[in-house]
Amino acid sequence: MAAGMAITLDELVKRFGGEVVGDGAHRVGGLAPLDKAGPAQLAFLANQKYLPQVETTAAGAVLISPADIEKLSKRDGGNFIVTPNPYAYFARVAQAFIDLAAPKAVPGVHPGAYVDPAAKVAASAVIGPHVTVEAGAVVGERVKLDAGIVVGRGVTLGDDVHLYPNVTVYHGCKLGARVIVHAGAVIGADGFGFAPDFVGEGDSRTGTWVKIPQVGAVDIADDVEIGANTTIDRGAMADTVIEHSVKIDNLVQIGHNCRIGAYTVIAGCAGIAGSTTIGKHCMIGGAVGIAGHVTLADYVIVTAQSGVSKSLTKAGMYTSAFPAVPHADWNKSAAVVRNLDKLRDRIKALETALAERDGDAPDKA
Amino acid sequence: MAAGMAITLDELVKRFGGEVVGDGAHRVGGLAPLDKAGPAQLAFLANQKYLPQVETTAAGAVLISPADIEKLSKRDGGNFIVTPNPYAYFARVAQAFIDLAAPKAVPGVHPGAYVDPAAKVAASAVIGPHVTVEAGAVVGERVKLDAGIVVGRGVTLGDDVHLYPNVTVYHGCKLGARVIVHAGAVIGADGFGFAPDFVGEGDSRTGTWVKIPQVGAVDIADDVEIGANTTIDRGAMADTVIEHSVKIDNLVQIGHNCRIGAYTVIAGCAGIAGSTTIGKHCMIGGAVGIAGHVTLADYVIVTAQSGVSKSLTKAGMYTSAFPAVPHADWNKSAAVVRNLDKLRDRIKALETALAERDGDAPDKA
Amino acid sequence: MAAGMAITLDELVKRFGGEVVGDGAHRVGGLAPLDKAGPAQLAFLANQKYLPQVETTAAGAVLISPADIEKLSKRDGGNFIVTPNPYAYFARVAQAFIDLAAPKAVPGVHPGAYVDPAAKVAASAVIGPHVTVEAGAVVGERVKLDAGIVVGRGVTLGDDVHLYPNVTVYHGCKLGARVIVHAGAVIGADGFGFAPDFVGEGDSRTGTWVKIPQVGAVDIADDVEIGANTTIDRGAMADTVIEHSVKIDNLVQIGHNCRIGAYTVIAGCAGIAGSTTIGKHCMIGGAVGIAGHVTLADYVIVTAQSGVSKSLTKAGMYTSAFPAVPHADWNKSAAVVRNLDKLRDRIKALETALAERDGDAPDKA
């Protein structure tokens, strides 16, 4: 980062809050971990175990909480920005430095893009090569559409949306302000719905699956982020809804007519079947599977690889996954699991036998 | 929907079958649920529990089965189309209304597409912006290729195929008539095959993986639908085969040389390893994993998140997944599972002890 | 394959090693399984159970190991290439025949591609239609970029890289020589990192998630192969690293700051959370989930659908998945699993009761 991009601690505090302890005129031009930062860099303390590093760091300044700064045995000569949440503060400052350093995108439509004459694109938007914007689409201020994106008929993209390369947004979907969608994600494909129209059984069954038209769309609120190659299906009649500030990782599947509550985070490879409602502030672990037509309360946590088949009506942490153990050990246990009901019957028999003996026998008397 | 698009019940029956009870000249122009439909809309009864709604609905007409119409306490003044499968009938009518309302695509090749001179594209096909059609490809009548699609060398696309944006079809694959592929899906990538060519063990191992060429293709029959970002690998020597009317959801992986039987449905996030054969009319749940080189009989159902490691030779429902429970409860059980074989041994010991005592002791006599 | 492409066994041995037994001047022009090969085709024996087929095959020559050729009861008149690893030899020869037969790509940039003037593309590279190469990217010799690919700012692609259609490589990532990436894969999307900046609990919680900038990249070594629609996230501060000769299947998710050791193979639908290190020569089964911040030793094998939540410090095979059984049977066992701790308590009670009786009662004396 060029020296010219350095900024004083006083300026940081003016922009991001907090309070300077030490030299407010000290300049920093980047961020680094405590053990690697130099005088021109800002470090942060978010985890107690690194507290000793604060006393030895060469960082130009350290982001630290009011409680932690009190624990330092010495802080003479050190510079600090005191803030209740140093990690979040770090993240905001880091983003600002990145924005400063990033090449400025030039507003306008790349000559290699195709924008339908009946689409409405803000003059401040940046439309990359090989992008397609179909009729009736509305593209907001400062929207950034990277190469290869397809924005379908009648799609609405809010201000400051950023779609990474090769994203597809099907017709009629809406994305709120500041939504970020990573490469290859697909918003608004048809939900998986087919009516069985079969007659007869077995080899003599005839008939077919009849596709259920999916005429809802996907409605994504402000500040949502969606990971690479994730898929969110359009609703059958009503919309699939992603509430504001939801964060979704890569390769996640969200079925038609789901509603995901605000601030909920969903880790990679999770799959949520259709018509399921997830509350606000939930945390869905990696590779979790959630059945269709169930409801999860606010503040539910489902740990990685677990499966949810029924509604979870209370906040709390839920689990159904086993951790891997040596294969031979596992096989021993797994063999027993397959016959657990018989094992229970044997215990029952033992209990009965013992009880009978207690009744029969005089020796307990 | 414009009033001009309304259609009489008599006309519907002429096109889709069934029998009118009531006023065949009544016009409907759309569909809605029983509790929301108005006089210009068609509703349907597919689930017994909504039977009472039929008697109070304001719908212009109701799709109903012969058995259910007999259950109505009153039907005077109501209009009905009686059909054995109201849900499938609804789906077909809904699709027809959508087709009427959809903007008509203009046949032809978008100027921003690239079609190799050695490809053969029907004049009725609609080729979107930024599409690539390579040499030797054959594109059938009324095929719709949305923006950003890549159709490889020698691919054959049957009549009325619809590929959504950014789909990739590798060289040599064949898609039957009316196949639908959703955005981002990849048909015909190389199967995952490498020959180990290593010598030595541990740190002194040398050598490498040698790629096994994948020279088969993917052969997809008529009326198949494939979900967004799903991947179906090409065969190693012979083809991977998807039989007719198979329906595959999003983010599904199908390995090389699999064969998926007709009418089988596969839900999202399922993964099927190579060289596995699945019968007809199977239902594979979400996130199910199926090992390679196994065979599933016709009419097998595998419930969500279960794992299939051996062939399933009989129709029926199979399961190996646990539903999530509160984390603390799960951990208690999981700790026992890890030592189940020891638990079994303790039961055995108890049984032996009791049997010995029965033999030893006179008190049962 | 045209007859002109046939090659003598002597020529094969000159190029790929091994030793001819029989007629070195015999010509073959393709490969086939033992039971289908004709005189112009090469077959191979990699599995003992097909040994009898070697004695009856019509193949022009058979690839066979030194040990196996000794087991043949007759080999007069047959032609053989003797090699320690017939399967790997087969793979190499098959690839050579494919390369011979494949249409030769013409070096150069397709007129429908967009290459930024500040990118550097080798003259021998083949850049397809609708490709985007951004400023600062360096594209090596004989690189093949299929249609619809996006190569971000400052990306480096080594010699002989082949990216299939619609792949996205984010800014700053590096791919080594001969890396193959299949269609739709996304290299270098932002890792999933958000700092919680909330105050209060339940309904009165306020605040938001703050995005952690992801300023690392992805560093992929030579000879790696990556499957269709797989996603590998960029690092937060340091890079995500894929060491040489790693092979990754389709729909795999690799989180930010992971390191995957050389020669490791990862099967389809596996997910690896952030900051995890996997050793060399590991085998990660299909749909395996691995938690973040753990370390797997070299030569670890995790079987399909298992979950790894802690570091595995020793080589060996690990498992935590159950195979599907008939649904009713499973439900019986699953009901017991939910109460396993109570079952254990009942065994404990039985043991105690029996021990007490042994102490109390005179009948064992």
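Order as written gives the chain letters A, B and C; numbering starts at 1 within each chain.
Simple rule for what comes next: a residue touches a chain if its C-beta (ideal position, glycine included) is under 8 Å from a C-beta of that chain, and two chains touch if they have at least 3 such contacts.
All of these numbers come straight from a predicted model, not from anything done at the bench.
Participant: Taking contact as defined at the start, I'd like the list of chains shared as neighbours by chain A and chain B.
Facilitator: C
Participant: At the place where copies chain B and chain C touch, is the share of residue numbers found on both sides over half (same) or under half (different)?
Facilitator: different
Participant: Could you say what rotation angle superposes chain A on its sequence twin chain C, using C-alpha positions and rounding to the nearest 5°?
Facilitator: Chain A sits rotated relative to chain C by 120 degrees.
Participant: Please report how many Å separate the Cα centroid of chain B from that of chain C, as a whole number.
Facilitator: Computed from C-alpha means, the inter-chain centre distance equals 26 Å.
Participant: Hunt down the residues of chain C that sit against at least two other chains at once, touch-wise.
Facilitator: 112, 130, 148, 166, 184, 229, 251, 269, 287, 322, 325, 337, 340, 343, 347, 350, 354, 363, in rising order.
Participant: Quick one: in the complex, what on chain A touches chain B?
Facilitator: Touching chain B: residues 112, 114, 130, 132, 134-135, 148, 150, 152-153, 166, 168, 170, 184, 186, 189-190, 192, 194-198, 202, 205, 208-213, 215, 229, 231, 233, 237, 251, 253, 255, 269, 271, 273, 287, 289, 291, 301-303, 306-310, 312, 316-320, 322, 325, 329, 332-333, 335-337, 340, 343, 346-347, 350, 353-354, 357, 360-363 of chain A.
Participant: What residues of chain C sit close enough to touch chain B in their complex?
Facilitator: My answer: residues 32-33, 85, 87-88, 90-92, 94-95, 98, 103, 110, 112, 128-130, 146-148, 164-166, 180, 182-184, 223, 225, 227-229, 245, 247, 249-251, 263, 265, 267-269, 281, 286-287, 298-299, 304-305, 321-327, 330-331, 334, 337-341, 343-344, 347, 350-351, 354, 363-364.
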